[in-house]
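Take a look at this one; I'll ask things after.
Chain naming follows the written order as A, B, C, D and E, and within any one chain the residues start at number 1.
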Amino acid sequence: MSAGESFWSKAWRKFLGDRFGLASAGIVLGYFVIALGVWLDLWGQQWSTLTSGSNLPMSSAHWFGTNLSGQDIFDRAIYSTKTAFEIGLSVAVLSTILGAILGAISGFFAGRWSDEVILWLMGTLDSIPFYLFVAAVAFALQGHPLAMHAAMIATFWTTTARVVRGEVMKLKELEFIEAARAIGVPQHLIIFRHILPNTSHLLLVQATIVFVSAIKSEVILSFLGLGVQDGVSWGLMIAESTQEVIVGQFKNFFAASGMLFVLVMAFNLFSDALQDALDPKKVH
Amino acid sequence: SKGSDQPATNADGEAIKVYRHSMDGAPTNLDPLHSATVYANFLVLNTYDTLYSYKYLTRPYALKPNLAAAMPEISDDGLSYTIRIKPGVRFVDDPAFENGQGRELVAADVAYSLKRHFDPSNRSQGSWLWAGRIKGLDQWGQDGADYNEDVEGLEVVDDHTLAIHLTKPYPQLTYTLAMGFAGVVPHEAVDKYGRELSIRPVGSGPFRMAKFDTAKAVLEANPHFRQEPIDLAAEGFDPAIHGGLGLEAIEGRSPPFIDRLEIDFILETAARWNSFTKGNEIQFTSVPVEQTDTVLDSRDPIKLKPDWTERYHSTTGVEAGFVFTSLNMDKPYLGHNDDPQQDARNRELRCAMRDAMDWSARNNRFYSGIGVVFPGIVPPAASDLHSKLPQDSISRNLERARTRLEKAGWTQDNLPTLEYGFQNSVTSRQLFEQFRGFMADIGYPSSKIKPVSFATFGDYNKAIKTSQLDVIPMGWGLDYPDSENTLQLFYGPNHTPGSNNSNYNNPAFDALFEKTAVMQPGPEREKLYLDMSQMVLDDCVTISGLSRNRIYLWHKDVIGLPNREILGGFWLRYVDIKNADEQTAPAS
Amino acid sequence: MLQYTLKKLLAGLPLILGVTFISFVLMVYFGPDKTYELAGKNPTEEQIAQIRADLGYDQPFFKRYTTYVIELATLNFGHSDSTGERVTRLLGRTIPISLALTLPGFVLGNVIGILLALLAAYYRSTWIDKSIMTFAVVGMSVSFLIIIIGFQVMFSSAYGLNMFPVRGWSMDTLGEYLYYVTVPTLAIVFVSLGYNTRFYRAVIVEELGKDHIRTARAYGASARSILLKRVLKNSMIPIITRIMFSIPLVVISGSLLIESYFGIPGVGKVTYDAITTGDQPVLKAVVGATAVLFVVVLIVTDVLYRLFDPRVELK
Amino acid sequence: MSEPLLKVRDLQVEFHTDKGVARALDGISFDVMPGETLGIVGESGCGKSVTSLAILGLIPSPPGRIVGGQILFQGQDLLSLSEREMRKVRGRDIAMIFQEPMTALDPVFTIATQMGEVLRRHQGLTRKQARQSAIDWLARVGIPSPERRIDDYPHQLSGGMRQRVMIAMALSCEPKLIIADEPTTALDVTIQAQVLEQIVKLSQDLGTAMMLITHDLGVVAQTCHRACVMYCGKLIEQSATGPLFAAPAHPYTAGLLASVPRIRTQRLDSLPTIAGTVPDLLHLPRGCRFVERCGQAIDLCHSAHPPLQGDEHSGHELACYNPVQGEVR
Amino acid sequence: MLKVTRLSKHFHIGGNLLGRGKSTLRAVHDVSFEVAAGQTLGLVGESGCGKSTLGRAVLRLHEPTSGTVELDGRPVTGIDAKALHARRREMQIIFQDPYASLNPRRTILDTLMEPLDLHNIGAPSERRARVEKLIEIVGLRKQALSRYPHEFSGGQRQRIGIARALTLQPKFIVADEAVSALDVSVQAQVLNLIRELQDEFGIAFLFISHDLAVVQHISHQVGVMYLGQMVELAEAETLFAQPRHPYTRALMSAVPVPDPHTESQRIVLSGDVPSPLSPPSGCPFHTRCPDAMPRCKEQEPDNHNCGTPEQAHWVRCHLYAPEQVGLHNTQDARA
């Protein structure tokens, strides 16, 4: 047995020991496999096909029944998993990374020009109404399939960055940062190795929030013609179902909300478990 | 106003009559120049006066004099209309006028109001109705729109007589004078409020605007509105049809009968339904598609469940308009092609697509199964042309479609990729998916029908008007009950950016259109209309059509017969509320 | 103070210019085109050209931008292209309504969120924590639309409690205000609570582990005083950040969904309509106002940071 | 003899680590008499701070846990008290001076707030009185211009000042027992003397007892009545200060005393030390925990840990099978 | 090797939100000294007198307000960040508060490996062994490497801090209360270790401590600070044998002796401890000085050498001004 372990390997081992964390990671992974299957054309391809009957109850042919147009709800829910991953995960991960890096730089150099520039950028992005911004980006990218992702990342990172910035401004005054400087750790490593891990609790929770917000914003953007151009998403399904639930048809709603809920829940548990794993003071 | 249980009162604490109407959309601009939407028209017709209007209850729609004293006197050549205006009609009191008191409305005001449409700085949305028709009017606009200058075609004979001189016969002219676009505006108001006239109408209508925002409009009765006792028989009252609504109570009384008219703009069906069924909020709603099963006992004939008829008054109304899906004839791979052979192949493709359309599925899915599917391009509300056309254009025939494709040599591989455009919404997306599903049934690969969605109507319209899309789902609301109003949608010179969105270009059709345009109504013209319809059908230009049928519900204490077509908001002046003692409490 | 504020405001000018410039580029080059919405049913090429000229679309970019900056400086944005109303009047009329509408929910959502987060963090890993967090996740996962509709049915409709109005708005008396604002507020609180609780808990858990909390306990501080005083003040930086930077959005953007479902004439709908119809005068004003507000928020946040954490220095 | 103020019996504390359970305290027993100053010395990491935290019920849990024993304060078992009851004891009856003053003080509140809060809670003073009282206490522990320093935040103070703030805070509660965990490590000798004098004076005036944890045997010699020596989670020797310093019986105690640096006239090349290192808590030797470093271990020492056995008469207690005989010095 | 010339560090503290009403705190004022390779300068003085600040300023962890620092003949002050970074390897600090100076989210292994990785010292495979050795040198087990700072006792943390400073084998180390939290036996081990390292590698130490015995043991020279100034600086033996400055003498007398039977005869300093925020005029010590003279109140004393030119013994006190020599002798006699 080796005598010492680093923070990361300890965290990893701790995570492996967390049953809830593992289970939730398993669920997220399961969703990912579903999404992968859609990418690889293994399933979920019938999401748009009209079957013979509209609003059919659950059956072996249609696990969740069909919707008013006669489309298979299960297939739609499955296909939406792909959409959710493309949007939720990519936006959550990328905007968190961007937010962490820029926020840390801005907080570390608070008051200096790099901070000013980043603050300026954040202020600018935040001041422009979200929809206008997304519409413009979509237009600028000529309806590129990733336009929505780009726009969401560009708008969502600022919150993370601001939160990180505030925290970094506090952390950088602590003595252990001074200690790091004393042994000659260069600034970029101070930021990334010493300061950012101490904001991991914020990053994780922000990533979770962004993940959910992205999935939810997608539907609004889809309304505006900026979301998924051709395809379906849980958000769209829920939007479709708002008219149905009033008259007591819940299949669409439950299929989409249920899948969304389980994923969000699992993702939350997963990020909680990560937070625990990354928190040295927390021992099971 | 607190929508609570106490009856509404005025400033003096006296009980007043309030009617709370609802609409599924909001108007933005209340200047008659811009009353282009159903919603704007609703308010404009209640705040401004038009020369003519439609009879309250007569169907098919029939005109009657409104501000005019009588129907116009038309010269034999059909080029001159002499219109006499009722004396003593006053604009509402408004700070725009001297002393704040509304002055009398005169013929010059009518001329002025029509002129405004041709003032280029006004960006009128209704000028196309009269463009090129009234002598000297277009020129007046191009010459700088000097209001002091007279226009030959708008001759103010005296204060109460206006003569309109046309460049060519325009049988629909009287109809246009009943539209919100023709609302009479006093120049004082324009001078004072400028562009903000759009939010504070100053007219001579039965109501005056008290409050207007994105959520609702509050109108108050115009105390000076001219006294015109209503003659129910003349308005088309038929006890067999209209009995039981309590309309008899308004006989011989002068509208408006209510003190306040509130119109809530509610786009969300759930909210509208909750507000309506609540009992003390809006008193009128159209039944949302998803609630159809809740209220209907049978669809054919349309019959409400007893507990609903017990609680509410109801009526159904087929829209004066229709929905259809046009194919862009500009595209050489889908529409007109100089190569006759390809042209023929394209026609087969279009016809096959039309054959694939499952109107009954569409009707059931999106229009509660009560929409009226008809062949051709003239909706039932305008004429009964459709009954004379063959049914095959609206009956699904996959066999025939496949044969067509096969014969014309279309295969999955060489079928063109089509762009299907829509302004994004849940429903339009579902419509698209269904359309694509229909096409899949004749072997049209789903990947070859691409959705192109637009965030705004402006962008969608731009794509249409610049002829970018291949498949164009459309809806058209009639401006007046004349087939001409929809036939012009296929008139060659009207190609985009005009109203001919499918860019149909058929010289034979155009010739007939030009011919009929100056014809007075009659069987002869009807025959030609039929021929024109048949041409469009034969060329498979569009997949048409369905007129939506709406079920309206209103509270029992409201006396009236709602209608949102042609008539626009005109009927609201006839609405009355039963006094508290006459009311039977609405079941909750 | 004045000097500092002025200095900061001056430093905010580049931000305002940047925001306006970028958003202007977005609006002009990539924004929606209003021409074809204003065109009648059967327009001609000339009419379309005329509309473009009227809207100023045919002007060179630089000229249009200069006009914008001048408009911003004089606070005169002209008339809405859609309704024709003066933009300043339009915003002046709708912003207070949206503010009155969203503020209670915003405040409650944050206050309750913080309280729940304190509870959850204090009882970390116990069932209290777990139930609060489950509730938060439910709040996060359910669509806002469903919540609004659900609340409307539950509280306002004849199918539910029927205690509140489905639609309407009035601020004439406090009673009326409460009557109309309650259900929207509940919906806002419910939705924001999930996110807020989740976020604040993460922050607070971190602070609760600090040594000085142990000191406080060693000197007999009650759980309440530890949570509400010590932990809260120590967690203030992320909390302030989160709250402050949502203020411009709360003030200017309102809430489209709430406004349309509850029939409230606020700025949310106005902004939304402006975006979806390309109503540039309104957009210009909204963007400008947001930018200005952001500058103010930036300054206030800096001061607040300093106020709550003495280690942060004002530059 | 009067009843002890604090009676710790067979206290056992464990920490869960990801490598296993570490028993940081393994059956510690000692008494503190009213007004008495008890010194606790021992190898760094032997569990002194853990003992004091355990008395106040502040062992971080998880990972820590008190697995056995009793802590009787004025006859009442603190371990059986609820959190609410315990809160009344903390600060008012027992006050603690923490080892690391930097992290022990709240960075976002001024000294005035932090001390004032304690004073108001335990002494029932008004805000103004509390502030005045806090200033007085700061002055007594030798902080220059306390009326200005009181409005500083912890990061603006030097290490010694922070420590004095902690001390002042503990003293200001006028508790029955002060647990001082290395209270003077960051203080220079003059201040240290001054502060110790204050503490002694307080204990005389108010009869305050004190548990003084320190490495400075000089301080123990001058201020403590009795001293306990701990080694690796065990108490190994306990006695009145005089005899302990004069005749340490445990080899560890003896080694410790020998290692003390003194101001000498002749500079030594190297100081005498105890060879070896403390065993890891997870890998303890089977017998006496000191056995590996002990110069005079016998076979028995390798197989069993010697129990702490006392001499009723002298009050001297020792856990060693083969104690040092006679004077070392 | 280390040459510090007229170093000052002033803080601006207090003031309202906007910094109005700030006052200047002279934490270190006009301090000069030299330390040769393999030598230790012990630094003692009242708490808050500026020892830590001096240590940090020398390493440029605090940017000095004025003055210069040279290490190995090359300047440390006035060089840019990049150059400074390169020189960090040569000089290290052991922090006074070990807990605060350890990153709570890094295991001890992370903390100790970092300097090695950073400065690319030794083959990557050897580094681990080196760290393990080091941790045992400071009296911890290598099992400790995988633990986090909060899992240690105060003394253990302090040893981690020492180990960290030693990893790089710098030329110069500031040891700020490096052994204060250690029990005497470990302390002795560490002190011995320092001596060994010094002999072996010629490391120079600036050794800050309150424990005069320790200082005496470890130092070649000793400096005494009072209120930001170096009031006395001499060879350790000389200073302990013959403390000159009145403050030094008071200090010496207060040392507790680990023998309960010896009664200490300490010189009790009367008078208020002055604040560095408003240092008294003249000699900063005059408010508490048992030997204060009228001129002490008015005139700031200079450094006077009362040793030999080779064996300097600097004292900053009017008593040792050349014109006071007569008086000086009497003082000496009395001590």
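Note that in this section a contact is a pair of C-beta atoms (placed from the backbone, for glycine too) under 8 Å apart; a residue touches a chain by one contact, two chains touch by 3 or more.
Just so we're clear, the structure is a prediction, and the values are computed from it rather than from any experiment.
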Both-way neighbours, i.e. chains that touch subunit C and touch subunit B
A
Most remote chain w.r.t. Subunit E, using mean C-alpha positions, is B
Distance in whole angstrom between the CA centres of subunit B and subunit E is 90
Please report how many Å separate the Cα centroid of subunit A from that of subunit E, as a whole number.
51
Whole-Å gap separating subunit A and subunit C, where each centre is the average of the chain's CA atoms
21
CA centroid of subunit B to CA centroid of subunit D, Å
90
Among the residues of subunit C, pick out those that touch two or more other chains and give their numbers.
32, 149, 153, 211, 275-276, 309, 311
Where subunit B touches two or more other chains at once, the residues are 270, 455, 459
Per-residue multi-chain contacts in subunit D, two or more chains:
17, 60, 100, 102-103, 155
Given the complex, residues on subunit D that touch subunit A span 16-18, 60, 62-63, 102, 155
For the subunit C and subunit D complex, residues of the former touching the latter
210-212, 214-223, 225, 230, 233-234, 236, 308-311
Which residues, counting only subunit B, touch subunit A once they are in their complex?
269-270, 273, 288-291, 293-294, 361, 364-365, 423-426, 429-430, 433-434, 436-438, 440-441, 446, 450-455, 459
Residue numbers of subunit A touching subunit C in their complex, please.
110-111, 116, 119-120, 123-124, 126-129, 131-133, 135-137, 139-140, 158-159, 162-163, 165-167, 169-170, 173, 201-202, 204-206, 208-209, 212-213, 216, 219, 224, 235, 238-239, 241-242, 245-246, 253, 257, 260-261, 264-265, 268, 272, 275, 279, 281
State the interface residues of subunit C toward subunit A in the complex, per the touch definition above.
11, 14-15, 18-19, 22-23, 26-27, 29-32, 133-134, 137-138, 140-146, 149, 153, 195, 198-199, 201-203, 205-206, 209, 237-238, 240-242, 245, 248-249, 253, 271-272, 275-276, 283, 286-287, 290-291, 294-295, 298, 305, 309, 311-312, 315
